[in-house]
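Two complexes are shown next, each including subunit A; its partner changes from subunit B in the first to subunit C in the second.
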Partner chain A sequence: MLTYTLRRLLYMLITLWIIVTVTFFLMKLLPGDPFGDAITRLPPESMAILKAQYGLDNPVWEQYLKYIGHVAQGDLGVSYQYPTRSVVSVIKTAMPASIELGIESMIIAIIVGLILGIVAALKHNKAGDYTASMIALIGISIPSFVIGPLLSYFVGVKLRLLPPGLWLGPEYRVLPAVALSLSTIAILTRMMRASMLDVMNQDYIKTAKSKGLSTANIVDKHMIRNAILPVVTILGPIAVNVLTGTLVVERIFSVPGLGNQFVTSVYSNDYTMITGLTLFYAGVLVVMMFFTDIAYSFIDPRIRLGKGK
Partner chain B sequence: MEVISKEQFQPAQKTTSAEAIVRPSLNYWADAWRRLRKNKLAMAGLSILIILSLFAIFAPLFSSQHYATQHLKQVNMKPSGEYFFGTDKFGRDMWVRVWWGTRISLFIGLVAAALDLVVGVLYGGISAYFGGKVDAFMQRFIEIIYSIPYLLMAILLIMVLGSGVTSIILAYAITGWVTMARLVRGQMLVLKEQEFVLAARSLGAKPWRIILKHLIPNVLGVVVVQITFVVPTAIFVESFLSFIGLGIKPPLASLGNLLSDGATNMRYQPHTLLFPTMVFSLILLSFNLLGDGLRDALDPKMRK
Partner chain C sequence: MSTPILEVNNLQVSFKMFAGEVQAVRGVSFTLNKGEVLAIVGESGCGKSVTAQTIMRLVPTPPSYIKGGTAVFDGKHEITTMKESEMQKIRGEEMGMIFQDPMTSLNPTMTVGEQIVEGIRKHQGGSRLKARNRAIELLSMVGMSNPAERLRQYPHQLSGGMRQRVMIAIALACNPKLLIADEPTTALDVTIQAQIMELLQQIQEQTGTSIILITHDLGVVAEMAHRIIVMYAGKVVEEGNVNEIFYDSKHPYTWGLLRSVPRLDSDAHSELASIPGTPPDLFAPPKGCAFAARCPYAMEVCLNKDPEHFRVSDSHSAACWLLHPDAPKVERPVEVGGRTHG
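What follows is the complex of A and B.
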């Protein structure tokens, strides 16, 4: 167990290092200039001073080493877009909204998705199954950037039930969280359904039935508890899903979060901001994947990772 | 006493054909097709896809309009006999734009899937066949790529490569082949231990021949199913990138940038969002239905 954890930790660090490196060099290859059209208006001497100020006159490998050193210390540089703010401070300001949105949508998705999956499996090949599977299919087929505007339009503008955008009070959180959770609901429903069906065919369910346990007891204690295990493995991918979803959903509902910030930085060629945010996102995801794997081996006693391999 | 008429004593029919094979024997694919045909949802998905592809190919050809022609006197027209899907804010014909967009989106999906297929199958195949150190090394590499969120990488790649059809396909292919490779490897690890591979090897077949002629045909079922999920994912990635302004640039139409435009003008021009959404959702829905059906038809575990 310990060797496995250590090995995973090592991979995690390698992955992060590769992401830092790839991001850094991709940014160096980028067309366009962080100073925008200032380059044509400024005299070369001022340009040189500006470049020196940002360390852009050094050789690339020197910039790279310096960058890695800074990243290791948690310094992601200064934003080109807002010259007075560091990337870390922008991330800190934008993060709470995104985290809140992400967690709310995850909670909605987990509750609804698991219930739909369980219902679908218990009513296998009956109306309940078809309804749940249909909802899941629609959730997969219609992405959040289509659902988002539709929700905002019908619920927010036409029916005036909830605010169609912005991020001011609790009622502003509902629509973005719902829009963001739909595809996750779909993934969870399908996964939970398959997993439940798998468990239902196991011998220990037959044993439980034949020793006269009540249906509620079987479903609760034997089926759901076993069926939920494989679902834990996809929490990592689900986090990716929610995280990338925030890019569009925050944009649609004008939520002042990281996703919105990312898209704005893309538009304004803000290199350091993009690299910083990508690194931050990637870091969060890699760490989440790591914990998912470790947690999984703790939850399921049948799995002893790292042995016999 | 009853009289037995002579007619009742007819010679029996000759039964020389008793050993003839009544039905043609079914190979794997014919059997899968038979199974798939029984699945109504999957067939509906397949039919919708065929119809949409026909529209995507022929509708722009037979229309008098071009996707980029602007009719500035006829902006934001509602759907009518002249413009079936109305016009957008530059007076461009939405009918042609939607089908042109479908064409581009499907093209991106199919080419990305093809690249995914070639790279994933070869990588997975080599990794599984050679095993040992090669496998271990190749798997570590995959593990690392796998943990990099592909949409973020796609965004970075697009920024470097510039927006356009080729860069979207590349951006997807560079990050998307990993799942396929893992899948193929898993299947092949099982297959390569089987007798027919041993037989081929003892007859002196080279590794390449075994991989290409014996192993790959046997994993095709799984691969085909995976492809039906790769195509919609690639289409989704295109629209996602276009939506945040990094994908296909106007005036060229793709479902992604039509959706993006539609979402901005939805409040006053709902038709500009409605039609792209319908086509887009139908494509994704059909691929998913078809994929589910194919999985049931091709997966040996589903056989009863």
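What follows is the complex of A and C.
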């Protein structure tokens, strides 16, 4: 288990290094620079001073080596948009809102998705199945940038049930979390349904039945635990889904989170901010994947006990 | 010895499919007495498993449904019309079942102990500790070493033979009156097969439970069964005690089955015998005897009229027109129980 963990950590670092490198050079390929656009052009002299101050006049590979060196020490540089703030401090301020939104939407998605999937499987080819499958189909086919504004408009503006945007009290969390969870609900429902249907036909379910256990007991102890296994494996990719979803959803609902920050940074060519955020997102993802694997081994004893090999 | 524990009468089970109705079991009748071991023999798809699982009502409905007939268990439970909630009280408590493939019939995410204990706790209640002690007792009864340690293991840590022992322990957990073993050795190595059969026999002698043993291998049942039912295409074609089936069988299908049991004393050049042809399509069973198309002795009447059971003795009967007084006398082929030379 220890060697496995260490090897995984090494792979994680390599992955992150590749991501930083690719992002860094892609940023350099972008037209324009952080110091204003064609209209607000600074005089060439001021520009030269600015560039020299940020080291942008050096050759690209030199900039790269310097940047990597800083990153290795945990310093993601200074933001170009907010010259007084480091990228790390911006991430620190924006992170809580994003994490909260992500977790809330994951919780909604897991609870609703799994329940819908289980209901669909137990009511296979009956009304319950069709309803759940329909919800899943809607969830997967309507993107969050459509459902977000719709929710904001109808529930927030028309019906005035919930605030249509911003991030103040608890009631402000509901709409963005729901908008963000919808596609995840859809994925989880479909996955859980298929997995349950598969498990229901297994021999050990017949064994459980032959012991005289009640249906509720069989569903609870024998079906769900086995059916949830393959679903746990996709929690990593699902976290990706939620994470990329925050980019759009935070923007729509004006949530002061990382996703929103990311979009703003792209508008203003904030190199360090973009690279830093990309690295941060990638880091979160890689760590989540890692924990998914660990979690999986806790649920499935066949994997947990394979550690001797 | 002669009080019936199970009386099955004209049981019919069908599966409703898109393409039509598959008549898997077409009127099976038999009686199982207390303490008796009854073997149901036949090739794949003859309805023997469906019959057995119907007795425990384990065949999923839909697509299956009980089309007719009765099955009375212990003189008081009419199984074919029982509600699911009532069945749950009988399953595990009064009947236990052992399945064919021990690799898939245990839940991979639960320890062996949990899987044995849950049945005990469901039917007999009692403390966790008491159920655990019973589980240990059961595991040593089925011949597992270190039973207390085995309780904490998961199925994947056990070999196929050990898993089948666990399955037997689960089936026996509440001292059932009836044990149904559905091809309990088919998925196992030959050496393990012998051990499992020996174990079943030993348990039968110890507990006096009645056993229905389902198999397609006559060799497996020879030592253990008291009586044998031979099934073909959803019907019983011959019924008798072990000696009658092995030494005085009357149905050409039984002859074919006996001939296909490999023997040690046959010479190296002989071919394994088989019954030519395939079983009939149960979507549309033939009008006459279902075996007629594969039967070397088939007569005109066989194709048109399904034979009734002809009594040979009190315990022995066969459904074959050859037993009719007007039928030509056909001698039981000599090579039954051996191989044909090819």
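To be clear about the criterion, the second predicted complex is superposed on the first by the 287 of 309 C-alpha atoms of A that agree within 3 Å, B and C clash if a C-alpha of one lies under 4 Å from a C-alpha of the other, contacts with A are read in each partner's own complex, and residues count from 1 in each chain.
Criterion: contacts are C-beta pairs under 8 Å (C-beta built on N, C-alpha and C of every residue); 3 or more make two chains touch, one makes a residue touch a chain.
Nothing here was measured: the structure is a model prediction, and the numbers come from that model.
Placing subunit B and subunit C on a common subunit A by superposition gives a fit, with no clash between them. In the superposition on chain A, A:209 makes contact with subunit C only, not with subunit B.
When the two structures are aligned on the shared chain, A:91 is found in touch with neither subunit B nor subunit C.
Panel annotation: after superposition on the shared chain A, the angle at the CA centre of subunit A between subunit B and subunit C (CA centres) reads 70 degrees, nearest 10.
By the document's definition of touching, of the two partners only subunit B reaches A:11; subunit C does not. With both structures placed on the common chain, the touch criterion links A:267 to subunit B but leaves subunit C unconnected. Which of subunit B and subunit C touches more residues of subunit A: that partner is B.
Looking at the shared chain after the overlay, A:222 reaches subunit C, while subunit B stays out of its contact range. Applying the stated contact rule after C-alpha superposition, one finds that A:243 touches subunit B and leaves subunit C untouched.
When the two complexes are overlaid on their common chain A, residue A:119 makes contact with neither subunit B nor subunit C. Superposition on chain A places subunit B within reach of subunit C only down to 11 Å, the least C-alpha distance between them.
Residue ranges on subunit B touching subunit A, taken from their complex, read 140, 143-144, 147-149, 151-153, 155-157, 159-160, 162, 232, 236, 239-240, 243-246, 259-260, 262-263, 266-267, 270, 273, 277, 280-281, 284-285, 288-289.
Every residue of subunit A that touches subunit C in the complex is listed here, in rising order: 202-204, 206-215, 217, 221-222, 225-226, 229, 299-302, 305. If you check the complex, the residues on subunit A that touch subunit B are 11-12, 14-15, 18-19, 22-23, 26-27, 29-31, 137-138, 140-143, 145-146, 148-150, 153, 157, 240, 243-244, 247-248, 251-252, 263, 266-267, 274, 278, 281-282, 285-286, 289.
Partner subunit A is touched in their complex by these residues of subunit C: 56, 58, 84, 87-93, 96-97, 99, 101, 104-110, 115, 118-119, 122-123, 154, 156-157, 167, 170-171, 173.
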